[in-house]
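After the structure tokens below, expect a handful of questions from me.
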């Protein structure tokens, strides 16, 4: 039995509220259960120096947690004077994941920065950030296309992410914090709406797992990301 | 005529949604027009070293803006590696203002940290942070009193803040961003619900003002903070 | 009775020694009682990027305290790796105050940086920095005018600053450290030689004050800044 | 055809020179082709605060690259004032991987820090660091056991890592830099000597892959890590 | 001919004004020509952790330059976020030099921090800092002895420093900035009042020198430091 | 008797293995007894801004120690967020020393960065870095000359460095760590192959020395650097 009473292969309730803030070219508040992430996409004309003049676009991401998004208050990273290792690792993952779903030629030489800020955390914030981040990105690109600045759609397929893991010996989908903090193995799966793989990370801390368990996690992840992709499409209509 | 069509002495619409996040001992989302600030109050048993053993409590504040809270994306302070001068100035102001309304003997030797994070900015974020921050503080203190950890109420009177300024030659209440960015003189007034002054800051950039204008700003500020104090009380019931 | 034996409305002895250092375009050592601040004004051809090409000038300020300017040694900020919040707040105030007295069109596209370094502190260092900083600025501008680089005087009126506060229940002028550390309310008033207001900051820590007390502080401040403006003019002849 | 002329499932030549430096409790220089990493294991009595008093041990890792380990000189991280995101990500991975192979009860309340410093880089430095890091750890633990400080062996099974990827449309084992910089998909596989999984990371940058390709990479990884585990055992005799 | 018209073996005019600031236990303003350094000595009960409980004292130094001490304004180190390499090198030198003249057993377990802040620079600031720093230290120790906190004098012999160098092919004493910036070889000599050596640093940038030239510099340095030691003693009476 | 059993004027065994890494334009691993330093020279077309367009070349150096190069593990400087004072001092010394032996006109407008990374430390790492650094520099310049990019040899004479000091009352050559940590006086001598002086640093910590002792150290240093210069030449053939 899962602490939340969910079935082993059952995701938490998901909601995606678009245009949550007014300034960003694209934005949404994604809720996966009690995990709430505000995602914004900002279009900037300037690209990183290593692609200047190439005609290619760039998508990057930044991630943050409000100090009291968690059960006990964490130190504010801006006050600490640097982003922690976990933050850096997560924002690099979000950026790679979103870029994998972008046709950078079609995007043209501009940068879109996706900011994912966790207002409330209950496990799975990096997956929620990717799924919500894609929605913000989609909305920003829509604006570019409506304005005629981009002709061909650079986003062919949604990018969605979900966690799977081994909790109390069972393979479960979409771990919340009580499960995550007890799980021996924890994986994040990033896939396209059409079922292709973008990134897979499975990790055991003080434990090991078998190839068979890995395959069962993959099965659940395919189910989860395909459901999320439908919600992403619905939210962007 | 003000850009928003408001009367000279008219505040923006204000709403205060309490318990916006679940982990903090007190929290609210305050909206003053298009300025939206998430305020949380976190109770911690540990006090700063300079009052350890004194039996006195401490209230402090931290302030941040999400990178795309503003019209163009600002650099994330955690990535820049330090809080900017404006951030530091504002969070020191919020902390002083809230402390002025606290009976630190009654609070007892514990610290409450009020985090004010701007989700969307349209002028007046520091005033909204103080007004909303007091609500979060009030809710956290209520929890302490209900639990019997605090016997006498350390918050005798609400603390509210409002801006006044000289826009297009007129004294106006509660400047929004279009007014703020054009104003020659800009003031922030922090008062108690019973009309006492806590902090007054009036500042001219490339301009000067008269003592008479100062008095007119004070008049408007008294009106504004007294209205805000009523809303604070209503929100905390 | 004040610890120093001064009258309630009496400033400390003030002296302004110009050209205290030889390299800066303008410099002075200002002494307000035992508070000693070395102020230098440095002219640089380069302006901040946000006004490049505008034809407008810029005046900015930096503030520092030598580690043993105070009663007990403070950590050197350069060694600590950052300027503290108090330092940042003060140097922003000095810059704003001095800019308010400058005709930036007349100054032309150049920057003047005013450095205020406290050699010895006994309360009121920010006010002494502004008053002395204006003298250094005046001397540097004189040099520009003598050289014909600036035609019209961009400094129409002196800028001077003084503190007032409520000490032992009395409204007093120009608090020294023993008063400042005990005062319930503390205000800094920045005015022009002709009596116009530039910036007013009144602040209570753990206390409140009335509008009537505020007006009494304003009265003293007008007296103090008008006396200081006379001394500034005399020093620059 | 691979640039190096290797078979698709062929690793580079591997050598492990133990006790490369004299001060560390365990050390080796591991060479995987032209990738050379110096690994040292340092035993310290102090553990991180979150496990103090628990009786459990801790293993952690740090990673660095000499500035000219690479084809063009990179900025020294100590001079830049912080470790880059890639460095942080890699050292967290090494630490997790090694910890997964440690019985922390058997280790007892002490910390072993494994430093992996890349003297020369040609792709696959994180995998070489894990494989060589385990050898350094093994040697340090041997010292503890010989001294009687640890009774039961806390390292039951070697931990080894190898990369696989899709290069020019082919699934290949142990990518060198020319392959790595062109690969559409790149994975790192960390396994025990007995074939259990510890961590799997597969990542596509601007591309996607199928579950079938994932399985082929897993097959190669099992072959590679099992060969490496034999070499680790041989080196530690 | 030297730019200043001085003889080859002639120092600049030296003055030492003691008790320049009131808070420090010892202080002086030392002027060597146009080089002016404010030196303060601060007594603190706490010693560095590596000598805690040893009964030994510690003397350390910090060095800084005001931004406009030099001909063109330098960036403030506190604003830059770190002390530059030159600053670090100089303050380590000052600390070593002063410690060499201290009987740390006689001083007892306390720390004296000597701060040397350059108000105006014209070459030779590190030597002036050492010579003036010793005077500040002497005055602070006098206070300890007068109070009976130290019984035996820990300062047996003055420590003084002077520069010598090769300017326009000639060996000269006490280089000022115009000489220093042109000199091929530059040396700093730190000696006791009785003629013993504490530290010698001779350095050529893009040049070399002979052992004979080294000996001539030593001769001048002996003359210079012996004159300075007399002035130090006179100042401390 | 020296701890190592060496004669007073006897250096440790020295070996210089060139081309230790493949990417750098010049590299060597120098061993002076148990002190092992990896030196690489990297040619870059870009020079520091202060010589841009001058036609002159630049040589600079950076220094680092692997965390477990020493007997107990030191904190990694990249993790600490800055280079320590000792590191900064040493790398400035290496850069100055190498530049003194370079004809910067002949080198032409390019920069060579010499990285000296200590793999294992046993005293004298700065001297080994200079001696080995010159070899790496020599090899890199050879490459420039072979390619015809440099016509006239900018390195006329080797630059070598050795330590001398006073250990147990005796003047000794090339101190190892057990001697260095006990020595009352410690000197570093940098000379050319033809016996000219480049830099001399003699330093006493809590002690003093005589001019006669200084001369004896100089004698030993001449012997040591002349032997090292022969080995440098032999290694570069």
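Order of writing sets the labels: A, B, C, D, E and F. Residues in every chain begin at 1.
Please note the rule applied: a contact is a pair of C-beta atoms (placed from the backbone, for glycine too) under 8 Å apart; a residue touches a chain by one contact, two chains touch by 3 or more.
Everything numeric here is computed off the predicted structure, so don't read it as measured data.
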Set of chains whose contacts include both chain D and chain A:
none
Same residues or different residues: which describes how chain D and chain F meet, taking over half shared numbers as same?
same
The distance between the C-alpha centres of chain D and chain E, rounded to whole Å, is 51
Could you tell me the distance, in whole angstrom, between the mean C-alpha positions of chain C and chain E?
33
Whole-Å gap between the CA centroids of chain B and chain F
59
If you average the CA atoms of chain E and of chain F, how many Å lie between those two points?
28
What are the residue numbers in chain A that touch two or more other chains?
81-82
If you go round the ring from chain A to chain B and onward, which chains do you meet, in order?
A, B, C, E, F, D
Which of the residues in chain A end up touching chain B in this complex?
21-24, 27, 34, 36, 38, 40, 42, 44, 62, 64, 66-71, 73, 76-83, 87, 113, 115, 117, 119-121
Please name which positions on chain A make contact with chain D in the complex.
82, 85-86, 88-89, 91-92, 96, 99-100, 102, 104, 192, 196-211, 214, 218
